[in-house]
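In the two complexes that follow, chain A is the common piece, with chain B as its partner first and chain C second.
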Partner chain A sequence: MEKNGKEIRIFVVLGQTMISLADPRVSNPVLAALQVKLEDRIVSVRENGTADANFILTHLIKQILYEKNRLCLVNLHNPLQHYHNVGKKLGYDLGKALKDNAVKVVEPLSEIVSSIESEEDYLQEDKESIVKCLYFNIKKSLEELTDGDNQAYLIIDDVSHLLDLGVEVALVLDFVNYCVNLIDNDKISVVFNTHASTKTDEIICNSLQYIADVHVEVSPLKTGHSTDVTGVITVQKQSKRSQYHFKAFDRGIKTFHPGETIYHLYQ
Partner chain B sequence: MLKSYLTSRPYTKFVLIEDSLEERGQPIFDFLVGTHLDRPQSIVHLFTFHGSFARALKRFGTKTNFVIHDFTSNSCGWNGKKNEESFEDAALKLSANDVVVVDSLAHAIHQCGLSETYRVFNALKNQAVAQVIALLHKDLLPSTDKVNKTFEHLCTLSLVVEPKFRSEDKRVQYTYKKLSGRVIKQVEEYNFVNGDLFTKKIERLDPKKLLQESVVPQVNPETLSTFKIGLSDKEKEAREQLVLPYLPKNEEESKEEEGAEIFYQLDEVDDWDEEDPDDDLDI
Partner chain C sequence: MEKNIQKSIPGTTFSTQNGQLLTSSGVPSLDSLLEEDFHGLYSKILLKYFLAEGIVTSHSTFVASQDTNPSSIVKELPAVIDSDSEPETDVQKISGNSNKMKIAFRCQNLPTDDLSDNFKHIGHFYDLSKNILKLKMESSFLKDNPERRSLLRIGIHSLGSPMWLPHSKSVHSIDSSRDLNLFIFCLRALVRSAYAVAVITIPTHLYHEISLDRCIHSSDIAIRLQAFSGTELENNQSLSDYHGFFYLTKLAAINSLASRHPGSVEYAFKLRRKKFTIEMLHLPPDIGEDRENKKEKVPSLACGGSNNHLLEF
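On to the complex of A and B.
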């Protein structure tokens, strides 16, 4: 909160620890449910069926920018403008972060579009070169981002789209292995988004789930459409598994434990 | 019995651990690798095909009898020079005291192809190595049955981990092929106490015992509440003697009541007709 040009922070004492209410990791329901910490170096996000897990990524971006960390965003699903618009609603300025070089964006989609315009062979025969070039782009961006002391996050949204570009499963698994091995540098953490609709998609999703420190799964309700609950989030950390229901609003997401819907929606 | 098949000498040549996300086989895998690492005379060669190389190294790297072969961080040779040795070359060079450990057989199949991977494992099985241990994530294979069966056929001891059922301990279904040709199929429960594996045979369930268990024990209502719910013998007797007014009465009692008569008292202006109105009818 800013007043007369000075930053004012509200603090609350909970038990023995002092927390700021302006801290989205505490005040934001999605981030409070996810509890992604610095030591969680591999995060996998899985969309089941028709569910959309993009809000998990945008909330993680909010946390990353709040912690003054760096971000390399690889867009294979949504354009940059989408993250920009969502950022305005969630309370972060992606444009400013881009100007400050805190965020680097790798957009294979725009490159594909430009190659269509220039009538190049945009869906190359050599599928390995697609993932290879993408990996080098990512690596270069991360090298630039890890100059300082801050942690750099790689977010890929989403890996399953590589299959749509005709890349074989084995190559996608290799690409994932390469990206995972970027965490050999202690300043790098990786976040992968995947969607599971076919058996081949599932191989990629499952493969990530085996190695993830935090695995987040977003699914639609098994019982079908509901006006009160949009879907289910499952967060798995080691052997601890917690489940939340969520409701998507225009300006944010509310999460609650199953069965507590009524207390949260009609207050 | 499973533990002796796993750890006693001479070692079972090829141990295949099959798991899925539902139930992970990593603890058994780590236990087996740890057992070999504790024996200085055996050299453990880990072929890592999955995840972070640095993490794999950190997990076991402190031991001196540990060699790691990296097939994950630069499998395609994008970062400079690719591994000089292929999986096959590296595996076939191993000697009698060496233990071959593959952390994800599914990834090896994706990377090298099914036929080549099978060939390497077949060669390893016939080669003079101490033991071959492989972890197979079943849900990472496109056609599960075919690959499963292929490697189950090749291995000496296959373990399929299963979730717990009717017990606190998890289950493992194993098939052990003895040198004599006898095949033992068994399901056992396992748990870890202070890092040590304990397995026990699951006892066959006795249907009579199960039936006895399934009978709901009689609940004494007196114990459920502070109120007096039950009846004493005297109260029970009194209850039996009570005749409720709406219930049909005994015949004898109804006969006694038949004695009642209707007295009809005529009014002064009552036109009582003494004649029978049906007198004229010839009935």
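On to the complex of A and C.
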């Protein structure tokens, strides 16, 4: 009983669930703003214009690894090294997780390099087999990750680069559809990152927004650059929509409600 | 586009903050990499700076262009000069008399470790009115197996101009921006996997603004140069010191959460006979116009009799 008594002291009861104070969802401002829970199976992240939504993904990785869940990372925009370095700053060890087989990486970005000369794999003429191949790669990795009891997350950064490879929008949507259907397995959740700049990008973003349980949008300020605010995060959960301003620092992100910038930065 | 390494490569410096290898663009006031272009002149100068820096630090260098002959770009590369603010420690250490050719040869012959003193300041100063020596250049063209570890600099001039289109496709010019996206994305993959940097200039006025957004997304740093010549800003007195605006469209956060983007600061560039500089944009105080106003006012008050006391009625 005494032991239980001690444990209760470091837990705070929020609603009906018990949450530890060490939980990054409580202590980390970005994750506190996102509040992605186990029952949120599809998360879509959209970056508008020149905004960079990569920090949302890295923070989600932090949460996933904290909760001892599994991760399948598909790199189309940033190489693994980037995630590794950011991880050191955010307090997770991707290298160790890779060794422990908690994380699997599918790296089209580096595979493209080897296919530049041969014009095979990612650069072949048959665009359908590009996405097919990528899907089967992902599926294989996820099958290996869902051995245990833990939840496995699929993170794709960034889906819209498939368009750069010359894949038609319809095929990209098919690919997204296949990936979303992976959540038929209760142990799999998916996170998509997309960049919206052209009309075709927006088709993908909008369809993802439509099916997502949590939709996160990162935009630059409409008024231009500011030294105090880097951009705006909009988090949409079903009908609930909340907006935050954020300021990016080298070792973390601060979030605040619009108008509270000065209070938080200069106190 | 900067890459990580464990061995030191001449002409580069290691950023402890985010574990990147940084290299110079050749413009000391800029020292980042660029992409994007205005109608020609100034972007070409930036490209030449970038390539000249590569040659001086004996990196492998690759030049491509369809609009002009690449060899003519190479011939016109600026020569390196001594500068007041540049501490060229290694040169002074070894040879007392340092003229501009010496620097070039010293950098080439020095073992890698001796350059470590120089790491605080990377980059050199160049004289645009003189051209670099041909002898020097031949040593740093692309080799399959360089003797020692080096950096590859890729400079592509006016990519996406009509000259790049293959004949069969020149009719379907709409497709060209898709090819461009594919090229830049593959280049991103390639450059990110090696010790290489690439500078591409694109004549943006030939494209719809939106179609280049994907290229910007695939690049790490995007810079837009807007020259004043030929626009109504040309005769604007307060901007007469400068030749154009320098917009930093994108500065990606690599290996870090926050980008180094300076925020709301505006920059302008000017081209002198020997030098291309980028400065923070300051509007001069409004003194000039005041004088003109006074001159006009004085005769009008002269009819009041005395022009000594303007407030006297």
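To be clear about the criterion, the second predicted complex is superposed on the first by the 240 of 267 C-alpha atoms of A that agree within 3 Å, B and C clash if a C-alpha of one lies under 4 Å from a C-alpha of the other, contacts with A are read in each partner's own complex, and residues count from 1 in each chain.
Assume a contact is a pair of C-beta atoms (placed from the backbone, for glycine too) under 8 Å apart; a residue touches a chain by one contact, two chains touch by 3 or more.
In this text the structure is predicted, and so the values were computed from the model without any measurement.
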item: Side-by-side fit of chain B and chain C on chain A, or clash; value: fit
item: Partner chain in contact with A:L80 - chain B first, chain C second, else both or neither; value: neither
item: More chain A residues in contact - chain B or chain C; value: C
item: First (chain B), second (chain C), both or neither touched by A:I203; value: first
item: Which of chain B and chain C A:D174 touches, first, second, both or neither; value: first
item: Chain B versus chain C as contact partner of A:N54, first or second or both or neither; value: second
item: Which of chain B and chain C A:E128 touches, first, second, both or neither; value: first
item: Partner chain in contact with A:F136 - chain B first, chain C second, else both or neither; value: first
item: Overlay on shared chain A, then closest C-alpha pair between chain B and chain C (Å); value: 15
item: Chain B and chain C contact sites that coincide on chain A, given as residue numbers; value: 199
item: Complex contacts: residues of chain B adjacent to chain A; value: 21, 50-54, 72-76, 78-79, 104, 107, 110-111, 137, 139-142
item: In the complex, chain A residues that touch chain B; value: 42, 128, 132, 135-136, 169-171, 173-174, 177-178, 180-181, 183-184, 199-200, 202-203, 206-207, 209-211
item: Complex contacts: residues of chain C adjacent to chain A; value: 4, 17-19, 178, 181-182, 184-186, 188-190, 192-193, 210-211, 213-214, 216-218, 249-250, 252-259, 261, 263-264
item: Footprint of chain C on chain A - complex, ascending; value: 49-50, 52, 54-55, 58, 78-79, 81-82, 85-86, 89-90, 109-110, 112-113, 116, 123, 160-161, 163-166, 195, 197-199, 201, 224-227, 230, 248-253
